[in-house]
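Note that the chains take the letters A, B, C and D in the order they are written out, and that residue 1 is the start of every chain.
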Amino acid sequence: MTLDEARAKLALANRIIAHEGVLDAFGHVSMRHPSDPNRYLLPRSRSPELVEPSDILEFTLDSEPVTPPTVLLYGERVIHGCIYQARPDVNAVCHHHARAVMPFCISGVPLQPVSHLGATMGAMVPFWDQRDEFGDTTLIVAKPEEGRSLARALGPYWMVLMRRHGATVAGQTLEQMVFRAIYSCRNAEMQREAQALGGVSPLTPKEAELAGAFNLQPKPIGRAREYWSTRVQRAAA
Amino acid sequence: MTLDEARAKLALANRIIAHEGVLDAFGHVSMRHPSDPNRYLLPRSRSPELVEPSDILEFTLDSEPVTPPTVLLYGERVIHGCIYQARPDVNAVCHHHARAVMPFCISGVPLQPVSHLGATMGAMVPFWDQRDEFGDTTLIVAKPEEGRSLARALGPYWMVLMRRHGATVAGQTLEQMVFRAIYSCRNAEMQREAQALGGVSPLTPKEAELAGAFNLQPKPIGRAREYWSTRVQRAAA
Amino acid sequence: MTLDEARAKLALANRIIAHEGVLDAFGHVSMRHPSDPNRYLLPRSRSPELVEPSDILEFTLDSEPVTPPTVLLYGERVIHGCIYQARPDVNAVCHHHARAVMPFCISGVPLQPVSHLGATMGAMVPFWDQRDEFGDTTLIVAKPEEGRSLARALGPYWMVLMRRHGATVAGQTLEQMVFRAIYSCRNAEMQREAQALGGVSPLTPKEAELAGAFNLQPKPIGRAREYWSTRVQRAAA
Amino acid sequence: MTLDEARAKLALANRIIAHEGVLDAFGHVSMRHPSDPNRYLLPRSRSPELVEPSDILEFTLDSEPVTPPTVLLYGERVIHGCIYQARPDVNAVCHHHARAVMPFCISGVPLQPVSHLGATMGAMVPFWDQRDEFGDTTLIVAKPEEGRSLARALGPYWMVLMRRHGATVAGQTLEQMVFRAIYSCRNAEMQREAQALGGVSPLTPKEAELAGAFNLQPKPIGRAREYWSTRVQRAAA
């Protein structure tokens, strides 16, 4: 994949995740550089739904811009850089505040896979509370030590809930991460409504493992990509 | 009805059910072949909202493609084939994971007709739990024995809920099935919200039978068809 | 008002109420004939969002078409005719199954005015249960005695909830009825969510009377009319 | 800022707040005159989503029009005038009845900051009940003494909930107020859903202060402005 192809794919991923209701004015989506694992690509500070390929800049894993910037940068870049440093297997990251997950972030109720599509988030979604380590803050993850703490909380998993703030989702590929970001939100909505209706009977850990792996294969991923891409293109037309 | 007419009707049914919020990237809609009851029509693997008449292929009731395929096929074809085998009176099938029904699939609370329009799903909607017979799986209904088990759970009814997965809806005609798929989801939303507000007073079995039969007559079916067709055409324009 | 003007206004009212989410494929909207109080105007059987002025027919108060029809007619015309017979002060009627009111129709929880805009439905919204007088039916209000029973349940009020079915809303003018139909649904949504959050503190009967009368004056009615008309025109463009 | 620039900005703010679901047919948005602190700008009586720069008129802080009006005026102008009189630091006001906040207005449950973006409403959102001081009314805030009572309830805060009616939001600048009006509604939705899911763990007062101040800086404000402006322009195109 060339850098230009990567920029085009990353811009589309930004717009898809936003159009499916996971991102609004805030949140951000990155991918590791396609040929240099010590760099990552992230848009300039702009709402994801508006991101164009030309908005996408290169950063070191310390979250410093490779070229002196002439535009505003996201303040929470360390979320991305610290996860790429801690997890060589991660090649894409999304940080968001989707309405779907916020009731879990606010109440502290654990997110659990309750459907085969939701299982792509993994059987375990850990919590991180910035307050535990850093006390009263703006809740913005801006300092390297805050980013490293969040990456530690993510650990070997694929999604971490941030108390009173939002979520961060990772993937081995950009497309896997897009699928996980969207279907973990759908899972959250279903889990909340099932809980209110009569209680939750989640997938077993083995079911979550099998279903999660199944859905992240090229065929389901490709089918969802065609659907989401068409929707975002129709909305823009 | 010619095969070309059937393909056009089935493609439109795919897009209508998707546009009304029952289907998203996943799920699928089929009909029995208009002149050969030992075959059925189903699109190639593609999100239902995007299906065109040219995407629709022929399958035997063992869910094998009649012509060697050059495109990807849905992995859960046995849902359709096994129901057509078990139920000669069924001529259309939809499998979906609508948000409306998932709280019932996850909690195990039975779906009940709570309005005259919802009564088209029937007074009884059985549950099927893949885990009972097959243990830990991907939850994908891919093997013939899984399809046959689901068809047995459907029994003589018109809709079956699949634990932690979704629902499958059948009909004597394509149009009856479309009506049932959409209004069973509306019924599910109303039932969930009524339960939270103050409890559910369902239709009597006799009311469900009378109202269900009334709504599936040509006049209500035709009125809804004009409405849904116009909506999906306007959205595409 | 000429008959042509009345047809144009009634067609627009159909489309507005549908576009604001009160009506879907089903339900219907009528007005009393502008110059003959013994007749009323109602569209042919068609989803309200699709109604054109040329769809609108004349009926006697016995709900018989004035001219032998060449098109399909709504099966529940007696709802309209029986209310116009019983209530000379009523000049417009809407029957609907809005998702907003259905949790009340299903649970039996009374609808109460909880905001000044909702107060336009009146302090009292009675219930009618077709089962009480007629036993097991299709729930369709098709017979004159069923229509008369519903009109008796409405009594001197402006809105009646129909158990497991929907609601019927009346008005002194078409515009008052449109306002009431839409804001009673908004009130229902708010009441349900407030109940779940912490309980409902309704308007006093005097507040409901004062606020209801205030909102039905020409200035608020006119402001809402411009807003809803513009929305429905933009959506059609 | 010239008066023409102020009119253009205020018209856009009206349309943005409406398009993001805070305002519907009713509610209104004003700003203090850019060069004369003893006057304020407010549209003629019209739904905010339809407001054009040419609709915007000048009023004294007693809420009298500076020029004899030839158009209808909002009946609740005193909400704006009385707050501008009582709070020299306030330069923009929005009064609304958003569905998001109404469950709090109806139940009396306090609104609390539960996310960093919601913290822009402030740690404390007081309640005002018109009934306490004025008994049974239309709930319309039309008299100067009603406006002054509401301004006293707002006190030194930035948002006040009005029992069974809605909310009023203030800001040091128009853009801060727009951000607060939208994200306080998002906070309300999240708080309600978290409460139902498992309870609310709010921000500490210090976190609310730090996060609120952070989000009202030019960079987050500007990012959200580009997003909301683009959305409202796309919807109008």
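Following the convention adopted for this analysis, contacts are C-beta pairs under 8 Å (C-beta built on N, C-alpha and C of every residue); 3 or more make two chains touch, one makes a residue touch a chain.
Quantities reported herein were computed from a predicted structural model and do not represent experimental measurements.
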Joint neighbours of subunit B and subunit A, given as chain labels: none
Chain copies touching (subunit B, subunit C) - same or different residues, decided at half shared: different
Most remote chain, CA-based centroid, reference being subunit B: D
Approximate Å spacing (C-alpha centroids) for the pair subunit C, subunit D: 32
Centroid spacing, where centroids are CA-atom means, of subunit A and subunit C in whole angstrom: 46
Subunit D, residues touching no fewer than two other chains: 195-196
All chain pairs that touch each other: A-B, A-D, B-C, C-D
Residue ranges of subunit A touching subunit D (in the complex, touch as defined): 24-26, 45-47, 49-50, 72, 75, 97, 99, 102-109, 131, 136-140, 163-166, 192, 195-196
Parts of subunit A lying in touch with subunit B, wherever the complex brings them together: 114-117, 119, 186, 189-191, 193-204, 206-207, 210-211, 213-214, 219-220, 222-224, 226-228, 230
